[in-house]
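Can you read through this structure? Questions will come right after.
Chains here go by letter, A, B and C, matching the order in which they are written, and residues are numbered from 1 within each.
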Amino acid sequence: MLELERVAHVYGHTPVFRDISCRAAGGSITLLLGGNGAGKSTLLRIMAGLTRPSSGAVRFSGTSGKIGHLGHSTFVYPALTALENLTFWRDAHGLAETGDGMLKILDRVGLAARAHDRAGTFSRGMAQRLSLARVLLLEPDVLLLDEPDTGLDAASRALLRKELLEARGRGACVVLAGHGVARDAPPADRILLLERGGLAYDGPASSFFSPPAERACCA
Amino acid sequence: MLRMTLAVLRKDMTLTLLRSSGLAQALLLGLLLVFVFSLSQGAGESLSARNAAAVFWLSSAFCQVLIFNQLYALEETNDSRLGLILCPAPIQAVWLGKAIAGVALLLLAQCVFLPATVVFLGQDLAGPLRPALAILFLTDTGMCALGSLLGALAQGQTTRESLLGVVLFPLLTPLLLAGTGIGAQAFGDADPDGPGAWLGLAAAFDAIFLAAGLLLFAFLYGGEE
Amino acid sequence: MPGRFLPPLILLLAGSLSLACCQYLIYFYAPAEATMGLVQKIFYIHLPLAWWSLFSFFLVFLGSVAYLLKRAPGADRLCAAAAEAGVLLSGLALLTGMLWARKSWGVWWTWDPRLTATLVMWFIYAGYLLLRGLGLPPRRKRLVCAVAGVVAFLDVPLVFVSARIWRSIHPSVLGAQGGGLEPEMKVTVSACVVAFGLFWAGLVWLRKCQLDLRARMRGSVD
């Protein structure tokens, strides 16, 4: 379980948000909504431990704390091939996956045929898929995704949806940031709405979408 | 930690030597320096052993600044730095991996600079070679321990690369003096005091900055922009 | 806020007054040096400058360590104030050293180990100030400068030792000096060091207050 306690963040001299307390359970998908500049990415980075919050704390319980982060940055080395990229991240994380296993993961994201091509020749969507392959390789307990469907076509979005459901199935805690809810987005169990420097909604997804419908202001 | 260190080392060597223009820029700059200094010799003269050794280490120092700018720039393309920070191993593995890669690349470059110094600056390796080899390794180690630490300064600031030199060069002075002192002896400059003091100084430098790198790198290499 | 400026201003004033009194000691109490004559008087200014610049750099080191441990922005501002004072004082120490060298040995610059080491230190901390002047984001800048402040000070003893070994190979123009000071000279130079210390403390403190005020005006909370 991932738990935030009174987290606040100040960027330069501007407060981004304050007093954010929430939890995301294992085996669930939490959707973090909010407009541009609401601080979704920052909150995800704080959850990942990449940014120190100005105050407050982030806690993990009942997990090994293995974090997968899929954000706007793909972490892809353009001059390495797809397979070499995966091999590097495997070694850096100290994992024991074999070469065949990594090829299988590349196959899952539809990059098997391009395994030995340099990632620099990939389109944005393909790089994003390679990035997804990196996250799949880690089998993280906490999966933080920042608008992961940017630049993905319908087939890739379906793939992402399938993989996220699978991650939820094996008990991972998935947090997904986005502007709104697309039809083919992964089904969220819980919704967090970040608005005007605080949490405007924190509850089950079912009651978020039921009337009063005005709440879905940022769809 | 060891596995991540080796992973970083392997990746950096692959990217630098096989997948880019590699050391070309650093090598050219160093060679140019040696060549320009060779112009200061009149016909039939050659630079004194001490001058030649100083030029050799100057080339190495410039080369090293370029090497570390290049090594740390590798992580900037797609923010791979963040990926490295998320790895469970201590982040010092990145510092160590890049420092070792730096030593390897610098030694490669010096394989070119040394003959260039001998040829262009009219030197020959008449002096004792064992202390010279020792100081070569000690100095390179110290330069790379510090270079790898301060290379992380430029993180997210690709336009500020020239800064590294300004901060790094004066800090390296003791090492460069040691390198020059023993280098001059290797090029045949007699010295009654021998290499002992310089070797001790270089070893002390290495110990201090290896420890400093281990302790301080985690502060510098973080997720903050 | 103006009340905050009072203690450093008092220190500065006390420092200035005692420095003025020191002039009496320098010119009337301390005997003229046998070989160098009047020129040797510059020594009474040169030595405090060098000492307190070194102490400034030590303060930068302490402030940097404190920042790394506590992440208090105030510690970073102390480093800024101390580094500026240190570069200024070591610059002046170099200048007075050069004037002294010119008069007593006929050259503007000798590769005396202490002079050389001071020059290298000046370069190191000038680079440090450049680093501070870069438009880095505030939090990042404080972190980077704290690390640089620690690394720079670790280098100082190495610089001194290397300059010393360098000289033993390269005999310098002057022999060992400063060993046999007469008692009156010792009293004078101690008084100068103390007086200058007051002035220095006032200077650094005042600058720190200025920087604090600026940070408050900009409403920096992070």
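List of remarks:
The rule is short, and it goes like this: a contact is a pair of C-beta atoms (placed from the backbone, for glycine too) under 8 Å apart; a residue touches a chain by one contact, two chains touch by 3 or more.
Quantities reported herein were computed from a predicted structural model and do not represent experimental measurements.
Among the remaining chains, C is positioned farthest from subunit A, on the basis of C-alpha centroids. Averaging Cα coordinates per chain and for the whole protein, the chain whose average falls nearest the overall one is B.
Our note on geometry: subunit A versus subunit B, Cα centroid distance of 39 Å, whole angstroms. Work out the mean CA point of subunit B and of subunit C, and you get 31 Å between them.
Our note on geometry: subunit A versus subunit C, Cα centroid distance of 52 Å, whole angstroms.
Of all residues in subunit B, those touching 2 or more other chains are 222, 224, listed in ascending order. Shared interface positions of subunit C, i.e. residues touching 2 or more other chains, are given as 137.
Listed in rising order, the residues of subunit A touching subunit B in the complex are 45, 48-52, 66-67, 69, 71, 73-80, 84, 88-89, 91-94, 118, 127, 134.
Touching subunit C in their complex are the following residues of subunit B: 146, 149-150, 153, 156-157, 160, 163, 166-167, 169-171, 173-174, 177-178, 181, 191, 193, 197-198, 201, 204-205, 208-209, 212, 216, 219-220, 222, 224-225. Touching subunit A in their complex are the following residues of subunit B: 3-4, 6-8, 10-11, 14-15, 19-20, 74, 77-80, 82-89, 222-224. The touching residues of subunit C, counted against subunit B in their complex, run 68, 120, 123-124, 127-128, 130-131, 134, 136-137, 139-140, 143-144, 146-148, 150-152, 154-155, 158-159, 161-163, 165-166, 168-169.
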